[in-house]
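In what follows, chain A forms one complex with chain B and a second complex with chain C.
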Partner chain A sequence: MSEISLTINGKQVKGERGDTILKVCERSDIYVPTLCHYGGVHEVGTCRMCVVEVQGGRALTTACTTPAEDGMIVKTESDAIQSLRRATLELLFSERNHYCMFCEASGDCELQALAYRHGMDSVRYPNLYPKMELDTSHPYLALDQNRCVLCRRCVRVCAELVGAHSLGMRERGIETLLAADGGEPLSASSCVSCGACVQVCPTGALFDRRSAYRGREKDCTTVKSSCPECALGCAVELVARSGQVLRVEGDVESPENGGLLCRRGRYESLNGHRERVLQPLVRKGGELASASWDEALAALRAGIEAAAAAGGAGAVAAVASARASNEALAALRGYFQQKLDSPNVGAIGAAASPDGYPAATLQDIRQADLIILAGEDAGANHQVVEFAVSQAVEQHGAALIVVGSAARRLQKQACVVVPAGSDEVARALATLTAAGSESLKRIACAERAVFVVGAPVTAVPQALAAAAQSARDGWPRVLALAPKGNSRGAAQAGLNGGASVAKGVKAAFIMAGDDTEMLDRFLPQRDEIGFLAVQASYRSPLVEMADVVLPAPVWTEKAGTMVNAQGREVSLRPAVAPPAGVRDEADVLAALSQ
Partner chain B sequence: MAKVKIATEWLAGCAGCHMSLLDLDEELVAILDAVEITSSPITDLKHPPEVTVGIIEGAVANTANEEVLKELREKCQILLAIGDCSCFGGIVTMRNFLPKEEVLRAGYVDTPGTVDGKIPSDPELATLLDKVKAPNEVVKVDCYVPGCPPSAAAIGWALKELLAGRIPAPVGDNLRYD
Partner chain C sequence: MAVEIAATGSGAPSESQVGAILAKHPAERSALIPILQEVQAKLGYLPEEAMCQVAEALGVPEANVYGVASFYAQFRFAPIGRKQVHVCRGTACHVGGAPKILAEVKERLGIGEGESTPDREYSLETVACIGCCALAPCAVVDGKVEAKLTPKKVRELFQGVQR
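For the complex of A and B:
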């Protein structure tokens, strides 16, 4: 990379060949106002806010699209520049309907902030008052065309980072309109509800329906945490106010998910409508009744220890959700394995990483030249992987081989598709290495091959890996998908997949936390288990059938660690306090061991 | 020193900006040492005398607003617009999305509880303009303090700027649109 040097505002600054003027300014902390610019997607130069003066140039030029050249003399501030920027802002305001006094974005709006910064106290052009539509068809996001400045950040992010290509522009000139699939309501469009467009929209045009009007950024707290919905453990920011989580945002500082999240992480992970378990419950005279923590823990200990006394340690079982934190799992093992010596301690969704290959990160996927996707549909259950794969294929020309099922989008992007039902995936995968096959040729010449495997495939077949053993050290890399936030941590703690409670178990403890789906699988077994205790955040049919119920926090209320699919430790941090009466899972179990 | 004469007018607005002016409280009393408020919705004097500063709240929605604005413009040396309505058009321009006739019908005939309603028409009465306009589309405005309403502090700051012989150009906390 060769260094170039420019004079900006009379100061000598350095850049790299290939930089734009804006990039050079960013490197040397020189402020240039921008609106359509968004890091990570290509520049379009539509908003004209970043105009600068280049000596010898014919007119002011946009810093975001003009390549920086060695020896360039640039001015980022002058009366002419200021007046053009202010005129641009006035045009933007007069073109659509900006009523800041009741706009969702007011206070957090980048357009408004720019207008403040440029002292826009009036508008010299008559407002146009175009009649504009509001699209509220989508359950999670809304589009108000009145506030759109046509910056196309949403369009570029949806296409280049998410790979959904759901958004675009229709009509021309002043009639230009943002449209999903050329004019469908958002809910009927190809939108995959990832919410990336909302996060990048600089104005009140795209907004989050749940958190709308519930607080400006300055009234909210933001806590960095990790999404527990799947083993990617994407970096999130929890935005909260007055004890409530308003929304989940992708952490743009994360080199992995880089601000992207999937529908589950961004929207479905906050389910405020389910009924919480708010205090301990103990079955008395056939009915579940409120109890104190002391009573409930005594009843739990009595039920479990009576079964152990009568039937031995094998009569007791403990099962956790692999969403539980490492700390909660350790406390569970402390009581059931170490103290009671039970052989039946497991975690649903525990999954060890395949041996022998370096773990592939999302960055590796984006940089790969060959991706082999086998088994579980990455798009359906791990959308963020799907986004990374799309980026690799569409932006960097990676080759994609799909074995088994995959989202239609990935099927279209693949150069080879080997359809296979879930019981045939392993065999279908083996056929890739058949002598002379096109796939084998591709695999053999790949420099950076990544295997993304999901159930039922847990490892990469020997022959296949051998074929991909390229000249480059450290490749191929493997990303084994796993269903829960702490699937790896649970496996590392030595907990098996424990899909059911073993025969002969007379007392069971189920640590479900906010994983209600996991509780439902024990419904058919309820009658065989004599004494049943559950630790759960939400009421559910199994909770109603338990003998002891301990209230548990939900993920946005928890502190702890998880191990993600790549074996990296990620942290859960509480954005809000749990309701009074709800105690940390790990603390409660640690108390039992004493 | 003679007091600086000020007149204020209320065009198509909600009175919120005048309320914000009154919100200056004791500071207003202090400002009144240097300022004489002549005609204003607060003093109920109908026509402004010759003044140094004219202050307007509200946009131009009907023929009366137009007349009042033009009269004040003629009587004052410096015209200060306060509030989004008088700086940009503001919330009252929301009727620009509907035909004038529909607006009148909604106001005088279709209102719930109205029986045999009638759209007033009398040569004495002002009539609605087709579109609500920002005052600077009708006359020259010299300075602006937007906000809906602007804070008392921003209005107080602008008055003090004028008293100091400067044309206020708000920035920072004095420049808000909400």
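For the complex of A and C:
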């Protein structure tokens, strides 16, 4: 990278060869208004807000698409520039129906902010008042063409960062419209519902249906937290108002997910209509009845300790979800392992990472030149990984080898696909990387190979050992996916991942929290377990069959830490307080030990 | 201009026809427009399934194929009639009463601009000028210029058309 030097607004500034004028301005903290520009995707120069004056140039030029050259003399502010920018804004406002007072994005709208900044107190052009469609077919997001400024941020993000290529433009000139696939409603399109388009929309054209009209930007609080829906632990921002989480946004400052989230993380964890457990319940005379925390904890302790006294420590079991925080798991172990000495303490979904190979980050995947995806349907279970793989293949030309069932889209991008059932993946991987194989040669040639392996694959180290004969400088790297937010943390705490309630257990405590998936698996065993206590956020069939029920906070109400798939500690931070009768799980369990 | 109309509706014949066109071209993004032109020449319009087939074969997202096809005025997304009716709305024709002519054609055929009759006998479009302003108001019906039209002439022209 050679350094170049420019004069911007009479000041000497430095840049690097290959920078655009806008990039040099950003490096030097010189403000240039932008609308279509979005970091991480290619520049299109459609909005014309970033026009600047280059000495010797024929006309004003867009800073975002003009390469900076050594010795260039640039002005970012002048009467001519101001006048053109304002005219551009007026054209944008007159072309569609931008009525801020009715718009969900008002107060958090880049178009509105630019209009204020440029003193746009009137529009000299006649309003066109076009009749525009509103697409509300999608369950989570809506498209209002009335607010669209045709910046194509959503189109570029959908194609370049997400790899879905669902969005495009149709028609031409003033008739141009944002469209999904062949003009289908969003719900019928190939949209993967990741919501990235909504997050990057500078206006209110694409908006979140759940949070729409429930509070302006200034009315809301934003808390940085981590998503517990899978072991990636993506960085999120929780936007809340009046004790309710309105939406989940990706944290654009995160070098890992960089603002991208999956359907599950952004939408599904908030959009369920599930009944909460709001106070402790104790079975009295055959019926579950409300109880105080003291009563419930006393009943829990009595049930568990009676079983331990009668049948020994082995008659007592505690099973957590590996979605529980490290703190909650430690408190659980404190009571059941340390105090009661029970051998039956586990966490469903706990999974250790394969030893001996450096963990691959999502950034590593994006920069890889060879990706081996084995044994995981990344599209369904770890969409954000799928996005990173797509980006590596489509934007940087990485080679992709798929073993087992990956998302259909990734299969199409792969140079080698080895079909394998979930129990055959390890063997297929071993064959693939057997001595002298074509793929092994490929791996040996790769400078930055990344293995992405799904939870059911245990024989990875073996396959890797074959690959690693050519390892260099910390490559190949491995991203071993895991099913739960804190799968690694639970494994590090020594908890067994395949936990089930052993035969002979007379009393069990199941700490499900907001993991509703795990409770149903204990239904067939309910009758064998004499005393059953459940800690859960939501009502479910097993909750109704328990002897003691402790209400649990959901993840947006919790503080704590988790260890993600790459072994990095990520933090949960509460965006809202739990409902009145719900207490922090770690505190409750710590109280049991006393 | 006579257009060969394929039997559509079943989907399968057009799939093999599109396949034959795709086989003639390299599976590259740059071949998109020539392929779309040939598909339209063959089928008379661009059915959605054909665009999906082209997208799949070229590895170009469907949204892009649709974006390109809708960008150019030459591509159509509805089946074309065996006889095309182009009503001129150029200046001379407009002054000569083109709006009335157009209204009469719509009334006679029971269709709007860009549409085809259910039996696909006629399709209707308006054009900016057909280059014979001395004959205004005029239209081109099945390749033949109909000059100095009046609503009465239009009625006679489409006499017996099943609506």
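One rule holds in what follows: the second predicted complex is superposed on the first by the 577 of 594 C-alpha atoms of A that agree within 3 Å, B and C clash if a C-alpha of one lies under 4 Å from a C-alpha of the other, contacts with A are read in each partner's own complex, and residues count from 1 in each chain.
By definition in this document, a residue touches a chain if its C-beta (ideal position, glycine included) is under 8 Å from a C-beta of that chain, and two chains touch if they have at least 3 such contacts.
Because the structure is predicted, anything quoted here is derived from the model rather than measured.
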| item | value |
| --- | --- |
| Fit-or-clash call for chain B and chain C when the two complexes are aligned on chain A | fit |
| Partner chain in contact with A:A577 - chain B first, chain C second, else both or neither | neither |
| Touched partner set for A:M169, first chain B, second chain C, both or neither | second |
| First (chain B), second (chain C), both or neither touched by A:C100 | first |
| Touching partner for A:S122 - first (chain B), second (chain C), both, neither | first |
| Chain B versus chain C as contact partner of A:A159, first or second or both or neither | second |
| More chain A residues in contact - chain B or chain C | B |
| Partner chain in contact with A:K131 - chain B first, chain C second, else both or neither | first |
| Arrangement angle, chain B at one end, chain C at the other, chain A at the vertex (C-alpha, nearest 10°) | 60 |
| First, second, both or neither for A:G183, with chain B first and chain C second | second |
| After fitting on chain A: smallest Cα gap, chain B-chain C, Å | 18 |
| Set intersection of chain A contacts, chain C complex versus chain B complex | none |
| Parts of chain C lying in touch with chain A, wherever the complex brings them together | 48, 51-52, 59, 61-67, 70-72 |
| Chain A partner contacts - residues on chain B that touch it in the complex | 81, 84, 87-91, 93-94, 96-97, 131, 133-134, 136-137, 141, 143-146, 148, 169-172, 175-178 |
| Contact footprint of chain B on chain A as seen in their complex | 93, 98-103, 106-107, 112, 115-116, 119-124, 126-127, 129, 131 |
| Chain C-touching residues of chain A, taken from the complex the two chains share | 155, 159, 165-172, 179-183, 190, 412 |
